[in-house]
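Here chain A shows up in two complexes: once beside chain B, once beside chain C.
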Partner chain A sequence: MTALIKVHDLTIHYQGKCLVNKVSFSVQQGRPLTILGQTGSGKTLVAKAIMGLLPSVLEASGTVEVFGKPVMAQSRSPLWGKSITMLPQEPWHSLDPLMVNYQQVSEVYESVKGEDGEAAFNHAIDDLTHLGLKGSALKRPTELSGGMAQRLAIASATAGGANLLIADEPTKGLDSSRRDDIIQLLQRSAQGGSLLTITHDIDVAQQLGGDILVIKDGEMIEAGSAESVLTNPQAEYTKALIYAAPQYWQIEKLRKTERKAILSVTDLTIGRGKDALASGLNLTCHTGEIIGVVGDSGCGKSTFGDTLLGLLPPLKGEIKPLLANTKSHQWLKLFQDPPSSLSAHVTLQTLLNDLVKLHKLDTQKIAPLMEKLNLPESILQRSAKDVSGGELQRFSILRALLLEPVFLFADEPTSRLDPFIAKEITELLIALAREQGCALLIVSHDPALIDKCCDTVIRLDQQKHKSVA
Partner chain B sequence: MWTLIKHRIFQLILVVWGVGTLTFVLMRNLPGDMAYRIAASRYGQDSVDSAAAEIVRQELGLDASWWQSYAHWLTDLVQFNLGKSLVSGLPVIDTVQHQLGHSVLLAFTGVLFASLIAIAIGVLSAFRQGALDHGFLWLSTLLRSMPVFVIGLMLILIFAVAWPILPVAGFGTWQHLVLPTLALALSLAAVSNRVVRNNTLKVIRAPFYQFAAIKGLSPTQTFIQHGIRNISVPVIAFIGIQLVTVIEGIVMIESLFSWPGIGHGLAHAIFARDIPVIQGCALMMGILFVLLNTCVDLLCHWIDPRGAQS
Partner chain C sequence: MILQLKINQKVGVGLLLGLLLVASSIVQLSPYHIADQDLSGRLLAPSAEHWLGTDHFGRDMLTRIASAIQLSFVLSFFCVLTSATLGVSLGVITAWKGGRMALGMDVIVNILLALPGLVLVLLFAAIVPGSLLVLYLAITLTQWVEYFRVSRAITNTIINSPARQLSQMMGFGPWYQFRRHIWPELTHSILTLASFGGANAILTMASLGFVYVGIQPPLAELGLMSVELFPYYAQAPWILVQPLIAIATLVFGFHLLAGNKHDGAH
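Here is the complex of A and B:
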């Protein structure tokens, strides 16, 4: 086995602050390496350092050898696409929004491999057919789902012949079956070369196998084969990371006596436009009840929540609120991606004040709730773009709970967050919903999370409604 | 796309009616005796008396009530008859057509040169940050703060007076076109080069731009395949908005350089109270504006068809 990448004592500083401290590892041919760590641990910086993509404001030291030769960061770009390639975290943002999908692949065959137009076109269409994207060849990236965009990104990143792949959170925001597809595709694409994956998802690390390197705050915590690290973790941090997964959560179920019915749903058929996504749904929601909705992408999970909130009309059946005197702003939704659901142009304080002014809220309630949500006062002076995803989601919860909701629909509230933060947020959300007597509808693609948290589970089965896919 | 075109045709009719009516109302409300002003333009300021004015009034029916003249004008317009000049007696359509050709030539070369300057400087400033970028920011601000005729005057002083290589004003050879084009182009490029620069920066810092390089494309290939198209949409849309400035600019520049275009003709017609010519010129400018903007919209739509699909 030969080492394709060898990193020795990689250290990265920013204005005197150490972001990555003496990280050393090597990636062997045919043996994948997974770097495991939570958000902000410096794992993305390591990937960028290998590619030679570190911003010039960061100072890096140590050596990076690619294919057995030490290469300076600046002179690594000729290797891109041809022998080493990197997959982006956000495939949608990494594909040219104006370019037709097949061209994103065919241009690589044309420009990098020097094929003529026709051969490049045929090659690209072949690739898309293999990935089940042929029907979208003439569409643009904005019309693709997250999983499809990631497949297209993989195809275009590897078309130039690179089989040493660096994948930075390749499965972020994808549901479990899409995630497995992507992992298999990555393994196939890296045949003959190797795969360096950066993730916070234990399942991904397990499936990939090979070696694991655990990083915390830029320090190496633990390294070893995937099997030994995951089944017999030595470091406390590694254990915590493994046990932060939903299957290990402990959440108390609701006591049946305390509850009061707030909403009844009979024989409901949901869908967007004319196509039915699911039918025959029956449900009664109670105060403080946690209701989980599971199912694959596109089976109508979000549509179900939106229909209950009255954002979409039901195709058939009845939704009857059972509580008198509730206002429309007490039926609320918590979004999946807080950075894109909050304005980044004003401070969080302004967003909060607007809400207080609009609904004439009692400002006394803000401070205690912020304390419960573990939000420091100072965070309000910043704007959404200067706050982490976890903090922003807690701020969104603050805004929702201030309105004393009777029903809150949380649409994948933690799918873009690392396991520690996901656990913290889910627990907070459930505890506060119980305390306020608010019914909580959680949509998630993670069956373990739903199993652990919810009093009632609704399974939407895609097989029954094949026409929609 | 067809809805866009249909929408624009409707807009065109509204513009024709609106511009025509507005000039009609405004001209009738100008102070002074209209017959007297027209007579003065026909026979010269010194040989005008009340009798001559009276003859003009009778001949042109100027004492008819406003709604009679308005109805008369409107029926003519529906038949595409712009009438005859009150001063020269020639059909307005001929005069306007003649002038319009010259104006379009000037506007076209102006916008073309402005685009060449703006794209070159804008892209250069985006790729080479620092002193160069700052220098162009200062220069742009300076040029933009000056009215376009000051730029024109400075060009005349430099290239026609101090260093006489180009004619001061007039029309005929290509040399006559250089200074007015340059004056117009500089004033347009002063703003648009910054728009090009900002959009170039936005694109080359975008994740998809970096990803294109990671796919293995060389910097040149990346710029040609992913840069140009993404930069061009907002830039073309901006040039469309700038066309208002072009139309405003040619009125001033034509007067300054005695360029026989529609702006120059419009200014003269206003002094002479030659209502049909004023209306004809204003109408043509309005129509031209709608047509050019339609072209810009279609072009943007062709480059970026995303909006229409959703």
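Here is the complex of A and C:
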């Protein structure tokens, strides 16, 4: 086995602050390496250092060898596309939104491999057929789902013939079956070469196998084969990371005597426009009940929540609120992407004041609730763009709970957050919803999370309501 | 707000404000009136009595230029204000309500866009020559379309943003949603459009003056002055240059104010 990438004592500084400290590892041919760590641990910087894409304001030291030769940042560009390639985070950002899908691939065949138009077109169509994207060849990236866009990005990145792949969070925001597809595709694309994956998802590391490197705050915490690290972790941090996954959560179930019905749904058919996504849904929501909706992407999970909130009209059936005297602002939604659900032009304090003024809320309640949510007072002086995703999601929860909601629809509230923060937020959300007697509808693509948290589970892929309360 | 401007934008603001201030104080303090003729003192060179010389009727150039600059400012200000208000409100409402109104607006906007702006203004100006009101209406009519299209496109994306939906769910009214979510996204583009719009209004007015359908004599107007003084370019080049420099400075000031495409709002 030969080492395709060898990194020795890589250290990255920014204005005297150490971002990555003495990281060393090697990627062997045919043996994938996974770098595991939280958001902000410096994982992405390591990948960029290997590609030679570090911004010039960062000072890097140490050596990086690719294919046995030490390379400088400038001399790496001839390798790009032909022998080494990188899949950046968020496929949307790496695809051209104005170009039809097949061109995104055929362009690589033309420009990188120097094929003529017809050969490049045929190759591109072959690739898309292979990935099950043939039907979308003439569509544009915005018309694709997350998993399809990621497959297209992989096709485009590997069309140049590179089989040494660096994938940065390739499965972020994807549901479990899409995630497995992407992992298999990555493994196939890296045949004959190797694969360096950066992720915070333990399942991804497990499926890929090979070696694992755990990074925290730019420091190497643990390294070894996937099997030994995951089954017998040595460092405390690694253990914490593994046990932050939903299957290890401990959440108390609701006691049945406490509940009061707030909403009944009978024989509901949901859909956007004219196409029905799911039908025959029956449900009764109670105060303090946690209802989980699970299913693959595109099966109508979010549509279900939006229909219950009255944002979308039901195609058939009836939704009947059972509590008298509830106001429309007590039926709320928590969005998937915290930064996009708050205006970034004013401070969080202003957003909070707006709400207090509108509904004449009791300001006394804010401080204790903020303490419960672990939100420091100082955060209110900043605007949404200067606050981390986890904190913003907690702030969104604060705003929602101040309105004393009777029904809260949380649409994948933690799927874009790393496991530690996801666990913290889900637990807080559930505890506070129980305390306030608010029914909580959680939508997630992670069956483990739903099974652990929820009193009632609706599986939409089978189009049947199955209660496990 | 002023503090957030780039250095070139500050220079633009300074240039325009300075010009306006100087022009209006000259109009106030000058011993001459724009129509005071003195046929014995025609085409005089700059002197202590007439700082910028006199024109072919012996009228004081300094007073006339100052008055013309003031007129250009007032007209461009009202054109920009009206067209921006009209364009933004229609754009936001159309994007928000959609439906038949959107279809109707599409037809109107396409008709207006198909007509060259200057031809439309010329048509209006030719019907009622010399009317400031008609000039103002005609320029506004050609300019609001830009504001409409930009604000409609931006509003369309914000209407579907989770942030606005959440505000609506929490019970905030349309005015709050506009102020908190839509307006902050619009300001940067609208200010840029307004700066170019100001420059365009001045140029349009000068073009009309140049072809004699805009402001009528004896009122001082930069375009009209350029064409009136044109026959004397060999005898008195310094007076022909004055309105041209004034137009160039005004347009330059507005373009500086618009900033460049790299200084986005973020």
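Note that the second predicted complex is superposed on the first by the 461 of 469 C-alpha atoms of A that agree within 3 Å, B and C clash if a C-alpha of one lies under 4 Å from a C-alpha of the other, contacts with A are read in each partner's own complex, and residues count from 1 in each chain.
In the analysis below, a contact is a pair of C-beta atoms (placed from the backbone, for glycine too) under 8 Å apart; a residue touches a chain by one contact, two chains touch by 3 or more.
Predicted, not measured: the structure shown is a model, and the values here were computed from it.
When both complexes are superposed on chain A, chain B and chain C occupy overlapping space and clash.
In the superposition on chain A, A:393 makes contact with neither chain B nor chain C. In the overlay built on the shared chain, the residue A:112 is in contact with chain B alone; chain C does not reach it. Touch criterion not met for A:136: it reaches neither chain B nor chain C. In the superposition on chain A, A:159 makes contact with chain B only, while chain C stays out of contact range.
In the superposition on chain A, A:82 makes contact with chain B only, not with chain C. Of the two partner chains, neither chain B nor chain C is touched by A:189.
On chain A, the surface touched by chain B in one complex and the surface touched by chain C in the other have no residue in common.
Put simply, chain A touches chain B in their complex at residues 51, 53, 77, 80-82, 85-86, 88, 90, 93-99, 107-108, 111-112, 140, 142-143, 153, 156-157, 159-160, 162.
Contact residues on chain A toward chain C in their complex (touch as defined above): 309, 311, 327-329, 331-333, 335-337, 340-343, 345-346, 354-355, 358-359, 396, 399, 403.
Interface residues of chain C facing chain A in the complex, by the touch rule stated above, are 161-163, 165-167, 169-172, 176, 180-181, 184. Taken together, the chain B residues at the contact with chain A in this complex read 206-208, 210-218, 221, 225-226, 229-230, 233, 303-304, 306, 309.
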